[in-house]
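The structures considered in this document are given below.
Both complexes below contain chain A, partnered by chain B and then by chain C.
Showing the complex of A and B:
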């Protein structure tokens, strides 16, 4: 059973790599064959060369962005979950907070970026705050939805065992909510990297968004693409890590 | 009226209502008429009087009276929607009956919520938690009570063979058959050692063959563990096969229509269901249920 699962995922991975290679080849042929200018589409080979050239600065920028994303992500996840649990425990707060959160969450969070930059400066703090805001609303709403999925009969069963509200929360509601919480966390990985990069473009001292912005000003489109590739790699790795955790701990679905 | 009138028990325990020509009911007497010298033994474990429950405009129970003696296995049958589950929810402490009721646990007058944590309750569906394996599902109630997990697991491991689950302790619910899931749920109920066990149609969802096996198995386990059991079912055969007494409920609002002692010898073998005594009991009970089903049907069709 385990063998077949791992051979399945091996096949999936090899297919993914094959697809990426195919895209790279087509890209290279188009860029070279049609002789496209770099501001339209530089050839993959020159992007990879640029990557190697600027490896040091790109890696530093990547670390910068990854730190912001991860820190904001962690804070956002914890805050979102904590708020959801609190609101669930205090039903009267719920009817006020949930519509408000839905309203705030429906506006693209980056709309708040200029304000947050103003309040927290153009250092790392503003990006961490932006990512935390973006992630926390998603996690808050998915945790609420997850906690609501609990079966009333199961709650009654636990109550009949003498369980109080906290015991019901810990042994029943949170595990029931876990699949939706982790699904929200998986979606939020990509969102956190996006928000960090966009906020960096609006004002920063470093990071991939800042590199992209600077490279555009210097008309260095190979560097823009190199930074984009690094950013996707971070996103993919982050997404993959949380997906792994999800498969591992939400095994019962 | 029909034959059934003779068996009418209704709200008046003093009326007796157990007279039955076909199956003599010696030894089983309605509480309240118990002779003085037996009082200590025969004191009801739980006693309900004048229990009514209204949900909005719907009266689910009206003046229901039940008392259960220690060690008894009492089965409850009735037409669907007669308030059986409401009765169970009250006994499990999940719902308060309307004011003016009398509810005594071991002679101490209580409210329903006092019963929370004092009755081991098994709902209709197994409600196993999919993220817990067999052993951890079985110890759920013990964990809630605060028993250390290792100790609870040890207790449960010792019980596995008896519940036909030896070797399955590490399996998850989605890997088990319906009958096994039900046994895990029963084990969870048994491990939560309380004076009264409430089983709400525990075998309702199982196929006929598995159900018969589970019934015989339940009787074995019950006799070994000496628990007091109240068992809801809609299967008359099951009610007679398992019960010391069968309570028939009326159509809504639910009351006890008939209280029928089952004097079939124990241990009961599978072929007892074809004995004349069994058939006679079944006839009596079916007539009573039929009458009530017709009533609820007429009300619904009006």
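Showing the complex of A and C:
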């Protein structure tokens, strides 16, 4: 059984790599064969060369963006979970807060970014705030959904043994909610990097969004693609880290 | 059953219930607006941080044409991208479901591409398609099809294989099994993704307009920011909020009508 599973996943991995290689080769052949100009589609090889060329500045920009996304992500997760727990503890607030949060969540987050830029300046603070806003609503809604999944009878059982509200929260509601919370956290990783980059495009002193914006102005599209690759590497690593934590610690889902 | 429902529908109680469901949020909204207005006036908050709601309203009313034109343009881009993205997303899910080889070769790439900050492509896409409505619709499309594919596949995988065997034993072909078993089974998951995709598509359209355009909500945002016109930014936020909630509301309404058997929540 284990042998068949491992050969199964080996086949999947090799096919996945095969697919990626196929796309890369087709891309390279299209760009080289059709002699496409760099502003239409640069060849993969020239993007990689550009990546090596600008490694220093791209790395610095990546560190900038990663710091912003991580700080905003941490703040957003904590704020979202805390708010959700508070709302669950005070049932009368629910009927107002939850529809309101759903409504605000359907407003495009990027619409706030000019306002946040004016309020917090074009330094790192504005990006951290934007990421925190974007992440906290997602986490809030998924935490609420998770905390609600608890079976009414299990709560009654715990209460009948004399457990207080906090004990019910800690021993029953949070463990039940954790799979949904962490699924929300996994989705938010990608979102946090995107929001940081978008906000940087509007105004910043550094970061990948700023690099992309500058490169577009200078019509340096190899650099745009190089920055895109670095940005995806960051979000992929971030996504992978949270997925690893999910598989490792939320084993009961 | 249907007789009882129609009787209940004729009762005045039911109609006040529906009336209340419509009126209650509006009352809350009006109360919130009045409250914000009062807070701004009482605490003397400078309009640079938070303009009075009445100022925001009068900003919209001063040039309603600009906001309406921007709303219409962004709405078109979003809906084009959203509809194309959702259809493509479902088709890709069916293809990946049908041909395992294709799924194993390309699905990892799809997942990787989901982690790419798609917005970074904005400049490239605008270059490819020109500064047109189509370019923004393409960005919306690209942003919205991935969640649809992922969730539809998730819905397919929940189908009981014994039901497939049963249908096959009655002589159903692949198309019939897809239409009558797999697609209905995937609908609840699909709508979860559609609700997400509708707001993502709007984000894509707004950000796409930042790469150069003359009408649209994204343009209005940028112009207001460069002029440090905070009331203008708020006015555009309010208009985009209406658009976002409207789109979400339409999808949620369709979900309640189509997935009448419940599903998520």
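Convention: the second predicted complex is superposed on the first by the 235 of 253 C-alpha atoms of A that agree within 3 Å, B and C clash if a C-alpha of one lies under 4 Å from a C-alpha of the other, contacts with A are read in each partner's own complex, and residues count from 1 in each chain.
To be clear about the criterion, a contact is a pair of C-beta atoms (placed from the backbone, for glycine too) under 8 Å apart; a residue touches a chain by one contact, two chains touch by 3 or more.
Worth saying up front: this structure is predicted, and the values here are computed from it rather than measured.
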item: Partner chain(s) touched by A:194 [first = chain B, second = chain C, both, neither]; value: second
item: First, second, both or neither for A:153, with chain B first and chain C second; value: first
item: Superposition-derived comparison: chain B or chain C, residues of chain A touched; value: C
item: Partner chain(s) touched by A:172 [first = chain B, second = chain C, both, neither]; value: first
item: Touching partner for A:163 - first (chain B), second (chain C), both, neither; value: first
item: Chain A residues touching chain B - in the complex, by the definition given at the top; value: 151, 153-154, 156-163, 167, 171-172, 175, 178, 251-253
item: Touching residues on chain A, where the partner in the complex is chain C; value: 11-12, 15-16, 18-20, 22-23, 39-40, 96, 99, 102-112, 114-115, 117-119, 145, 189-190, 193-194, 197-198, 201-202, 208-209, 212, 216, 221, 224-225, 227-228, 231-232, 235-236, 239
item: Of all residues in chain C, those that touch chain A in their complex; value: 25, 28, 48-49, 101, 104-109, 112, 114-121, 123-124, 127-128, 198-199, 202-203, 206-207, 210-211, 217, 221-222, 224-225, 228, 230, 233-234, 236-237, 240-241, 244-245, 247-248, 265
item: Sites on chain B touched by chain A in the complex; value: 89, 92-94, 116-121, 123, 125, 127, 129-131, 140-141, 143-145, 172-174, 192
